[in-house]
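Have a look at these structures, which come just after this line.
Each of the two complexes below includes subunit A, the first together with subunit B, the second together with subunit C.
Take a look at the complex of A and B:
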């Protein structure tokens, strides 16, 4: 019974982690950027969805749409105002671009977080779920919303898979992650590809944010934790490897759920941190990473 | 040339700082005292990042280990302050050596993550053993450095000046150059016959020593050790922002950045919640348009590099 409960709860939360981390790892794989404003962007999506759906009274569907749109807008600003100027700046030495992108996106994330806290307070907010009610799965009471979360997460990931592997644009993304210079020589405009990646990232982070808001509730104070968990999942799975991230998301999700149910909710994240340290020492490239 | 120029700026500034207690009130002194301890955090971080090329996302791991070691010894065994400070600094050096082990094997984001995880683990441990460590609320200390604002201010100023001088001197010495070389191209530095591992390990230990000592001094100034003041990720983030803002690879810039960061936070306090927003925005603008930071700009005008 308890095992089944853990299996179901863990699956839903892991799917959500997987979706959140996919966008993060995609950006890294294609353009080599670690976006530390990730958590804040997810928070923005959730809070806008909550505001439009609830206070504004537009209903959960329009709310979700508005949340994703807000996240998309944030992603564009992140790229065009912070990441691109740093990458193109002649006065920053190449080996230091990375730390500048990290610091820049970190500051941007703090700005977003503070803006949300200022405009909407930092109280936890729960987005009105798209589906209400509960169903019994083999005797375990499962909210319909939990199932929907898992289904939507996997739908989004599936669509991304199709986009990357089956379409011409998607293949150019793949090519950009392997050899950007080669792609430029073939006549592709690299900056268009980066814009596309950030657009995909914005949509994925938005969906993840809205679903998270409906599933667990979100407060602006969570931004840092969300970034840290996406970062850990991505490193655990191997930077830039999408399938590695998906696997890592399930490892992390189940480990956390099991700790919370079997030991104590207060040490929920500790085993994951220990696992992470162990993996990074023994296999620095992550579970499925390539060097 | 650089040295004389730097001295010409630094010495008068320090003199003005030393004379400040004659002119300003206790409140501002208290603020600057805090800023000076942060300056030491940021300068130690700059030694690791600017010179050894290691991006340490968890400066508050080293600070926290030093601070809590001193706090626990003082609270439970009633050790007097000086041995507590020594023990705190020593514990931080051990922590720094532990952190250096992955740093020698990992690079870039991987090492960054390990340092981040180190902070999260320390924070979790402190909160889990709240019965001993005081958890989120903090651990009150029977001893404080001094209850007089002026004395506290001079302790902090003297500490910052001495640490700054040592770290700056080190960074300008041959050792600093070797560090810089190993940070920028470890393989070539090794090929030239320098022991990269040894130098990096030393950089970690020195950085940890000053971070831990400053952390321990800070809690004896505040009279309490809590997760929010010495361990939280936000503390580390502030240290990093201060160092990058002031100008990386300058040591002195890190101190300038810290004083600016704390001062700006205070001046903008009337904005309430928005003050953090504005400070971050200013920092972002500086990073985007003047990547060298405050000091980088100043020193470049001098024509070095």
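Take a look at the complex of A and C:
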């Protein structure tokens, strides 16, 4: 019974982690950007969804849509106001651009987080779930919303897989991650590809934020933890490897759930951090890293 | 030493100016406002009530003529829930902004960090919402240095006693409950709370099956609720303040079949219903005063005015912060100056009917030195339940405005 409970709970939270980390790793894979405002963008999505659904009485569906739209807008602003000017700046030496982007996105993330705290307080908000009620799975009472979270996460990841592997646009994304210069020689406009990848990122982070808001609830204080969690998963899976991130998301999700159930909920994240340190020592390229 | 005429002239002009400035100073000071510093985390819903409540009281006092003609000015500082920021704000308030007294924070860790500074800078301070027993214990142990600190809210042990007292009639007598699991967050204020819970719940007829302390950073409460459910208690007795929305929503989404009852500070805010999308329905929590109960003749008017001014009902620390400004004003009036020792002396004589009850501070010989007197005729505390979007007082019976009801997924003992 306990094993089944861990299996079900772990699956839901891991799926959500996977979705959150996918966008994060995609951006890194394609454009080499580590976006440290990731957690804040997820928080914006969740809080806007809560606000539109609750305060305006627009209902959960419109609320969720507004949350994803807000995340998309944030992603575009992150790219066009923070990342692109740094990348194009002639006054920043090429080898320092990465660190400037890291700092820029980190500060932007803090600005977003503070703005949310200022406008909506840092009290946690919960997005009205799309599905209410519980179902029994082999004797384990499971909220419908938890199942829906896992299903929607995997639907989004599945659609991303189809896009990347089955469409010409998607394949160009893959090509950009392998050889950006080759792609420009073939006549592709690299900046268009970057805009596309940031758009995909915005949607994925938005869905992840809204689902997290409905599943566990989100406060502006969570922004840092969410970025750190996506970062850990991506490092564990191998920087830039989407399949590595998916696998790592499950390792992290299940390790946390097992710790919470079998040891103590208050040290839930500790074993994951230990594992991360071990991975950095023993296999710095991560589980499925390409280096 | 030779004194030239020029030097003598300069000296006398300077001396004259100095004498005049001294002579003028009291008049200038009389026109100056008396400043009261307010330090709180303003982005938190419990925190923002502290400056809001204080400003309302200051406006009312000023309208009525101020303190012997001097107006009160509230100087507020945001501490971002950080002890370091709070200490900086406190130093600035005392040394630069020259406030006469401070109202500080609802977070025990922050207040405990400020306490030695109140002693060092001889700055009268009261907390409207922190609960740790250590706040008053330190005053008791080192009165000469820390007598400037007052506790404007119930100490953890006192809160636990109120919750236990109410559980005798609500849980044991009315609902025939026999067992409980204590679930509280890991924080300074819950250490004495839990200690007292374990003693007084059992004494009141509820056997404690387990005692779970959770990290205030917890976001996923599923494993905790599953563990509790496995132990089959009749009720979950809570001690939560930093967390609140998330456990409540997950309790409702997972349909955990036992009621949540006890201390849940976030539940005291009127936005709690909206923040939880109504998942709060059925949650019972402790408060010193509620917007639907005339604890004193001042309670309901304050709640109404607060709602009219700020758009939502006051959280627990807004009531106390409002009372605190009145008490500082009275103390300064009685002291006849802003001399800290005289203010403390006057504050110790406080016998004031505020929004939360009749307030008097315990003497320095008491373990809870400068804490509030609790019990019949003073502060008694209430138990309030969220019902269909409204906080309804369910205990004590003489002031209750409704009966307990629970969501359909709750299974009560036969």
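Following the convention adopted for this analysis, the second predicted complex is superposed on the first by the 291 of 291 C-alpha atoms of A that agree within 3 Å, B and C clash if a C-alpha of one lies under 4 Å from a C-alpha of the other, contacts with A are read in each partner's own complex, and residues count from 1 in each chain.
What we mean here is this: contacts are C-beta pairs under 8 Å (C-beta built on N, C-alpha and C of every residue); 3 or more make two chains touch, one makes a residue touch a chain.
Computed from a predicted model, the values in this text were never measured in an experiment.
> Figure out whether A:117 sits in contact with subunit B (first) or subunit C (second), or with both, or with neither.
Both partners.
> Does subunit B (first) or subunit C (second) touch A:99, or do both, or does neither?
Touch partner of A:99: subunit B, not subunit C.
> Classify the contacts of A:260 with the two partner chains as first (subunit B alone), second (subunit C alone), both, or neither.
In the superposition, A:260 touches subunit C alone.
> In the overlaid three-chain picture, which partner chain does A:141 touch, first (subunit B) or second (subunit C), both, or neither?
So A:141 only meets subunit C here.
> Taking the superposition on A as described, I'd like to know which of subunit B and subunit C A:169 touches: first, second, both or neither.
A:169: touches no partner chain.
> Taking the two structures together, which residues of subunit A meet both subunit B and subunit C?
117-118, 266-267
> What residues of subunit A sit close enough to touch subunit C in their complex?
Of all residues in subunit A, those touching subunit C are 5, 9, 13, 54-55, 117-118, 121-129, 132, 134, 141, 143, 145-146, 216-217, 219-220, 222, 225, 256-257, 260-261, 265-268.
> For subunit B, which residues count as touching subunit A in their complex?
49, 53, 55, 102, 105-106, 108-110, 112-114, 116-117, 120-121, 124, 127-128, 184, 233-234, 237, 240-241, 244, 248, 273-274, 276-277, 280-281, 283-284, 287-288, 291-292
> Note which residues of subunit A are touching subunit B in the complex, please.
That would be residues 34, 82, 85-86, 89, 91-92, 95-96, 98-100, 102-104, 106-108, 110-111, 114-115, 117-118, 224, 228, 231-232, 235, 239, 266-267, 269-270, 273-274, 276-277, 280-281, 284 of subunit A.
> Hey, which residues of subunit C end up touching subunit A in the complex?
These residues of subunit C touch subunit A: 43-45, 48, 186, 212-215, 217-224, 226-227, 243-246, 249-250, 253-255, 266, 269, 271, 274-277, 279.
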